[in-house]
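Some structures to go through are shown next.
Shared chain: chain A. Partners: chain B in the first complex, chain C in the second.
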Partner chain A sequence: MTDYILGHINYWIIIILMMVGLYTMMSKPNLIKKMAGLSVFQTGVILLYISFGKVTGGTAPIVAEGFDTYSNPLPQVLMLTAIVVGVATTALGFALIVRIQEAYGSIEEDELEKMDDET
Partner chain B sequence: MISLVIDIVLLLFLLIMAIFILRVHQLLAVAMLFGLYSLLVAGLFMVLDAPDVAFTEAAVGTGIATVLMLATIACTKVSQEKIQRKVAKTPLFICLVVGGLLMYGTHNIADLGDPEAPPHTQVAKRYIEDGQKDTGVPNLVTAVLASYRGFDTLGEVTVVFTAGIGVLLLLVRPQKIRIKGVKSAR
Partner chain C sequence: MIHEQLSVLLVVIPLLAAPITAMFNKLSWSWLITLLVCASCCFFSAWLLMDVANGEIIHYELGGWAPPWGIEYRIDALNALVALIVCIIALCTTIYSRKSVEQEILPYQHGMFYAAFQLCFLGLLGITLTGDIFNVFVFLEISSLASYALIAMGKNRKALTSSFHYLVLGTLGATFFLIGVGLAYAATGTLNMDDLAAKLPLVENIQMVHTAFALIIVGLALKAAIYPLHLWLPNAYSYAPTVISIFLSATATKVAIYVLIRCLFNVFSLEYVLTTWLPQIMTVLGAVAILYGSVRAIGQTGMKKMLAYSSVAQIGYMIMGIGFLSQQGLTASIVHLFNHALMKGALFMAAGLYIYRVNTATFENLKGMGREMPYTFFAMLIAALSLIGVPGTVGFVSKWQLINAALEQQQWGMVVIILLGSLLAIVYVWKLVEVLYFQSAEKIRVQGVESGSERIGSSPLGMTSAMWILALACIYFGFNTELTLGTAGTAVDLLFSAGGTK
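== the complex of A and B ==
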């Protein structure tokens, strides 16, 4: 039982982290805060994948003399891609926020919806 | 064992950061906390034996994302979010259900660092055994990224390029768009 908890507590904390990000994204009307929540959620997913690739007693996957156990390189490669793509989408989101502020004069979601209803 | 302790301590710090990002109302403070959060994530990647991911996160996540967030705050001139008192119940319910399902889903996953777990014995084995012989690169992450899965990386570059064009098209416009009937626009 203790082994089970010690082996899985890492995953559980990461899932709680992801849910805090998701809650930030869904409950806060401020668009910048929403983007911050999205990034927290995204790093949570990346952390989960990286921890799947960890091998006890292994080293970083760089071949060298004297080491024969390496961590799994595959999740690391995929998450490297995910980080860069994530920042690209974040940049696009921030650009959209800047335009929304110029057009509406507000970046609070409920105010934006009210203005849309009035027109 | 010691690496598990460091791992959990860092994760708890991350959790505290995430909760403060949720609760703080000053957007500048959110940006700073977010930079700190990314730096801690980079440290955690080092503990999990992923140095390549760690320095990408330190450069891209901590550097560029924080600067982008600060630039957005500067451009929009909004420094504080509107404070709302009531707890949003539907999102809380959704988060609890999704979190519960995900936690239920972890019970079949192998323990952290188990060398006999299926991901380590199938695909990755071949990369580790033949990677250097096939590509001549000692860093297996680079070998897989640029050689075995080069087309993935090409797709990634396409996405980044598209996002870059999108940002340029959004920000560089001669005339400003105003939504009809919205009077409060500056």
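== the complex of A and C ==
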């Protein structure tokens, strides 16, 4: 049992990260906190891919003497793309939050909804 | 040889043109470039469709890397049809957009607006053409990020909150899709759709594959706004700038539904889908979406929001058709995908014209505007009748197919719901007609238009002609079903034959 938990330690961490992110997104009315939750959630996915590609004892996939086990480079490359997408999403989200603050004077979702209902 | 290049040109042209457009801040230049881009893409995609309409499949290897390792563009009748409809709508929207953008978008944003529009367009095309499932994710995010920015350009400050809402939900959906793709990759070691289809049956009993399947479907359902995951759609579409409402309502969800079809039939096989509960769930959700969307549409007080809720209902028809998992049901879905793009495009264009003239699309301010603007009203009426499914319009063709598909499986309840959906559509279309045509025009409240402005008196030619192209297409494809039904038939044959591989 302990072996099972310790052997999959990174997957446990990934699940915890994703759940923390999802929970933050759903429970917090503050838009910045929502974005933070989204980022944590995405980070969980990045870790998930990297964990798939890791081969125990493997090195970076560069042909060199004395090494014959390599980690799978493809998930890492894919995650470079996903990181770029994540950065773009976060930047766009923050830009929107700035404009929401300018237009409404608040970034708390419950207050925004109240203001929207009034008009 | 040249045919293969065509497929990649569709993505490359807007990709190269977008940054150039961003540099021109003058409306006429950025508009002209976008028009040229959309027209050439339209031409190329029509050419592609002609090549693959007989069931042929075009493979294009990006960078010359062989498929299982490199990224491949794989074009068959299905994605050529979807690419064509995206291009046609983009072209019509661009023709329409000039005056509307001039009015609704701040002058310093014109170049950026058209650049983002092209990025969104290229993202949608990329999703349709690619044969690599990770590539789908990348293009999905390109188009989504562009559309968040575009929606936020709406005049009303609610556009900002709805865009943020869409951003959070859209990213969540895309990330679910990404996890699903990752798990499928871990199980098979490949990202190419054909290769996945060949390798998934070997491992389909392990739990990871079931999880991957569930995550991919939920992620796409969020993007396609399938009830109950539609919450972002009504606000995002009604507060976006009109041009963007037209473009996104006619294309974005359709492309997500296309990916859903592709994943169900080409990546996971029909046999696999049949072992799950998904077909039943989809049929029921489709039915609920039809009723819910139509009822909510009746209760709306603004034209754009009514149309947005009607979109939720129309997506329900497509999902129901997929849920039948029969050849006819799927044909109905694909044809409806094409037809709905035409009619919703025309309807949002009509709403945009009212907005152009009186700066508002709420019903209390639109009373009697139909008599004031008879041509716009008439085009809107054609598209609205099509939404109901009156014979002689495109809506009838796809609904007839769908009802036949339901009868074929003896799902009487679904037949009743489809007919009920049409009845509800009559109610909200009637509400629209009554407000626009029969109510007295004594009080038109024009907001924010200077007195003596030309805008009140006449509709710009570009806007009306684009709307009429789509409205007439609604009738033309109602009679001539060779292109839509024929191509959809070929596409469905390909999807069903030999599990869809090769």
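Here is the rule we use: the second predicted complex is superposed on the first by the 116 of 119 C-alpha atoms of A that agree within 3 Å, B and C clash if a C-alpha of one lies under 4 Å from a C-alpha of the other, contacts with A are read in each partner's own complex, and residues count from 1 in each chain.
The rule is short, and it goes like this: a residue touches a chain if its C-beta (ideal position, glycine included) is under 8 Å from a C-beta of that chain, and two chains touch if they have at least 3 such contacts.
Everything quoted here is computed from the prediction, not taken from an experiment.
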Which partner, chain B or chain C, touches more chain A residues: B
Contacts of A:94 with chain B and chain C, given as first, second, both or neither: first
Touched partner set for A:85, first chain B, second chain C, both or neither: both
Chain B versus chain C as contact partner of A:34, first or second or both or neither: second
Partner chain in contact with A:60 - chain B first, chain C second, else both or neither: first
Overlap of the chain B and chain C footprints on chain A, listed as residue numbers: 52, 75, 78, 81, 85, 88-89, 92, 96-97, 99, 103-104, 116
Sites on chain A touched by chain B in the complex: 3-4, 6-24, 26-30, 32-33, 35-37, 39-40, 43, 46-47, 50-64, 69-81, 83-85, 87-92, 94-99, 101-108, 111, 115-116, 118-119
Chain A-facing residues of chain C, complex: 134, 137-138, 141, 145, 148-149, 152, 157-158, 160-161, 163-164, 167-168, 171-172, 175, 178-179, 182, 185-186
Interfacial residue positions of chain A with respect to chain C in the complex: 25, 31, 34, 38, 41-42, 45, 48-49, 52, 75, 78, 81-82, 85, 88-89, 92-93, 96-97, 99-100, 103-104, 112, 116
Contact set on chain B toward chain A in their complex: 4, 7-8, 11-12, 14-15, 18-19, 21-22, 27, 30-31, 34, 37-38, 41, 44-45, 48-53, 56-57, 60-61, 64-65, 68-69, 71-73, 75-78, 81-82, 84, 87-88, 90-92, 94-96, 98-99, 102-103, 106-107, 109-115, 117, 119-120, 123-124, 127-128, 131-132, 138-141, 143-145, 149, 152-153, 156, 159-160, 163-164, 166-167, 170-171, 176-182, 184-186
